[in-house]
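These notes open a run of structures that come right after.
Each of the next two complexes has chain A plus one other chain: chain B in the first, chain C in the second.
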Partner chain A sequence: MSEYITALEREIDSKFRLTGAECLECGTINYPFVRVGSSEKIVCRSCGKRSDFKPKKLSRRGKIYSFIVVKVAPMGFENEVPYAIAVVELDDGVRVIARLTDVTPNPEVIKVGMRVRAVFRKLREIKNGEIEYGFKFKPEEE
Partner chain B sequence: MRKVYIIGIGMTPFGEIFDKDVDNLVSEAFFKALDDANLEQKDIEAVWAGTMLFHKSVPGPLVARATGLVGKPVSRMENACAAGTDIVRNAFFAVGGGYYDIVAVVGFEKMRDVTTTEMGFKMAIRSPLYEQHLGMTGPGNFAMFATRHMHEYGTTSEQLAMVAVKNHKNGAKNPNAQFRREITIEQVLNGPIISWPLHLLDCCAITDGAVSLVLASEDVARKYTDTLIEIAGVGLGTDYSLHAEKKTLTEFAAVKYAANQAYRMAKVEPKDIDVAETHDCFTISEIIEIEDLGFTEKGNGGKFTEEGETEIGGKIPVNTSGGLKACGHPIGATGTRQIHDMTEQLRGEAGERQVDGAEIALTQTLGAQVNISGVCILKRA
Partner chain C sequence: MKIGIRAYGAYVPRLRIKRSEIAKSWKSAAPPGENAVPGMDEDVITMAVEASENALAHGDLDGEVIDAIYLASTSTPYESKQSSITIAEVLGCKKEIRTMDVKGSFRSSTQAFFSAMDFIEAGKSSNCLVVASDSPNAAPGSSMELNFGAGAAAFIVSENELISEIIERYSFSTEFQDTWRKSDERYMKDLEDPRLQSLYGYQRTIPEAVNGLLKRMGVGTENFDGFAVGEEDRGMLRSLKKILKIKKDLPSIFQSVGNAGSASVFLSLANLFDDAKPGEKILVASYGSGSGSDVFALVTTPEIDKKRERLKRVSDYINKAEYIEYTEYLRLKKVLWR
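After this line comes the complex of A and B, so read on.
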């Protein structure tokens, strides 16, 4: 199991509140975002400039852009198979990658274009029984 | 820039090589290349070594020892699956720029000493930090593209399987391939799912192996051989690591960047390429690559494959060696292996797999989170 502290833990607002950074040069919402050192500037994923930004809460709803169902997992995830991972296109156009939940991990059930919404869930147990939380996506109720 | 030529090639057979360690593999490939070039060790001025995973010691000195070149400069390059292309690119700059006359490259990987789940983990921890907790996998990285490509263009699992069938058919005739047997579409489709929509036989294997090349400047090269193969163009492209940041999941942006650099440098177009080795780590990879390299239009990769245009005898034979699918994929060695195999094609030494009259060849790797790609264009001089 990885011993690394993830970047998520350093930008905890983005992890727990799905907060991105809107580039004030070109308007692109960066999620996640790359800060220049510990300054108040980011390197924009779109224009590439060293830009000022403002925090931007992402849409909590969107549709599945693409997905996979993992049947053979890397070490540390073997007990979780099968599981579905999706790239979700949020209603504000930002794409995020996340686990799907509350749905059978089966391509007969999950479809590209399916409406989903973000829910806050347990992601996994890390070392020493510590639990990591974050966002997953579940199908929208009809 | 001076012209740069490949004057020697050598490789170990690829496979599960339990009885040899890294230094044995490196030395075997290197001395084969040296013999092929009719050179002596003292002629080699510098070496570039490509490996992604090797961590037991510093690869530079290990390669120096295994090649008998202790004291000479050996630079290790790591660029995931593009490492084996990138060492050639950098050696090309050193010779082309006029600093050295004769250099060697060696790409290698020893992957079969750990279990598949451990190897999967080694790959998974290289995921960008924002994907580590997801349980993303190597096959998963490419499966994410497959789902979207199928959705937008109607590419089918059968068309994916046809890539595997074609490459195994070629690999069956390659003495260096890990899997020298043919397979059927049914075997691919009836196999277990690894990451939906990819089946077991949509995926390449975990492999040991090493490949070496000798590069030389023109005046030197002419002293040693009459069959000169020119490195006419090289390119290296990058893309976003996160799948959510990539512009689309239907094209490999890194491949397009790398290919555009190489095409421009070599002053050729996709239609000029006679034979190509592309990075079929997964069947979907080859389908998207033949689009992004310009061999067919975007979205048509599945149909182009189904019509047999990438078979030997088709419009543009792809992976005549058997590709990663049949040869196996020792990560740091693969890009160098592709150039080894295309050099054979341009020399007319590819035996049963020979593409008649091949004069211009292209090789292409693509690695990690589908975010790094190397391209090399070779010409028969």
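After this line comes the complex of A and C, so read on.
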């Protein structure tokens, strides 16, 4: 089967709008989240129940909780090394994993606790020419 | 019924290349100034999203209030597949929205703007987002390569809470081809005769349009406090000042951003708005090969001061620059691969 990355309706909230799903069973905010089929339910990653949810727009700002610098990239990203991937703790407490951008990918520059903000960028382009978009984080301007 | 601009936002990529850096590689004369370059993960859509988000933030608005999105560009990532829909989804617009990619000319931005005005005038909409985002491509070593930059600017056209009202508009079109790109080609081309191009291109078309507007309004250029022009090259402002007998200094976006295609005229207007006081009259003129020009006159309102605290200025972006070398530039333009 050939690869495709078309953003499907059921995951577009997470990919395009940085929106999480608040589980109505246990209150955990799931990010990213995918609707079960075409239903209005998710499988909560915390309580494991197939539950109803409330969409929750996440904060666009946060700080770096942890990060790594990738020097040997997986297939499709060879042209981009070195680059940094971070766990970002958003101001509302939710942690997300995302690429860092507009910053020198060097531990001398990137620091744990550094303030960042979400920006909509190209994530990758696959062989058939489709472009995948989503969120990355860049250092917040003073 | 007053129609005008409710809010605006801009975006200029962080990466810059000095024109002297390009000229050095080709052993040609080095012109002053620099051009903005989209990063590896940027394109027309991502630049348009950031400019549009800034516009919504400036107006303290939610994506749901937008009834139509017009994306003006000559370099959308897809030739077929609408890019404005991606922008609508990211901004969280409603599904019942009119989306349109307006392409094929550097004046597509002002034409999209006029269409948005018509849409509101017809009573079909109350808030339209018009965003111009462009990163035109020139062949390595060509003279256009020294001029092309990138950027985006967005305006929310509306009837409510206007920071500026449109007074009058005018369009002029006549057959003349100075720059072009055929649909199966990657790079823009020109006549390779800058004097002929400017003489029969913008030096004729823009004054025709401006004079048509001024005649309709019964005023002269001395009645205006600011002029926003889609700059294409270094001599454009100087020659237009002379032809149109403009006394005022015209700030240049071209010097620090380059020719950002259809976004140039919007960036220039956004830059004027950043410092405009209420009651200022501004004349806006675009130019596109083909050729034609759209002009409109507007006046700023007291609302422009009230909204300024939520504003992200064009100069905020211009002042944040990271300079790259020519080989890195070619890599970002997908001429070289590593």
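In the analysis below, the second predicted complex is superposed on the first by the 128 of 142 C-alpha atoms of A that agree within 3 Å, B and C clash if a C-alpha of one lies under 4 Å from a C-alpha of the other, contacts with A are read in each partner's own complex, and residues count from 1 in each chain.
One rule holds in what follows: a contact is a pair of C-beta atoms (placed from the backbone, for glycine too) under 8 Å apart; a residue touches a chain by one contact, two chains touch by 3 or more.
Model, not experiment: these values are computed from the prediction.
Upon superposition of the two complexes on chain A, no clash is found between chain B and chain C, which fit side by side. When the shared chain is aligned, chain C comes close enough to touch A:Glu141, but chain B does not. In the overlay built on the shared chain, the residue A:Tyr133 is in contact with chain C alone; chain B does not reach it.
In the superposition on chain A, no contact is made by A:Glu108 with either chain B or chain C.
Touched residues of chain A were counted for both chain B and chain C, and B has more of them. Touch criterion met: A:Leu123 reaches chain B and chain C at once.
Touch criterion met: A:Phe16 reaches chain C, while chain B stays clear of it.
Using the contact criterion defined above for the overlaid structures, shared-chain residue A:Val70 touches chain B, although it does not reach chain C.
In the superposition on chain A, contact of A:Glu80 is made with both chain B and chain C. Between chain B and chain C, the minimal CA-CA distance in the chain A superposition rounds to 12 Å.
Shared contact residues of chain A, touching chain B in one structure and chain C in the other: 7, 78, 80, 99, 123.
The part of chain A that touches chain C in the complex is made up of residues 7, 12, 16-17, 78-80, 99, 101-102, 119-123, 131, 133, 136, 141.
Chain contact summary for the complex, chain B toward chain A: residues 117-118, 120-121, 123-125, 129-137, 139-140, 143-145, 147-148, 151, 192-197, 240, 242-245, 249. Residues of chain A that touch chain B in their complex: 2, 4, 6-8, 31-32, 45, 65-78, 80, 83, 85, 87, 94-99, 107, 112-113, 123-124, 132, 134.
Residue ranges of chain C in contact with chain A, taken from their complex: 14, 39-43, 45-46, 49-50, 77-78, 86, 89-90, 92, 316, 320, 331, 337-338.
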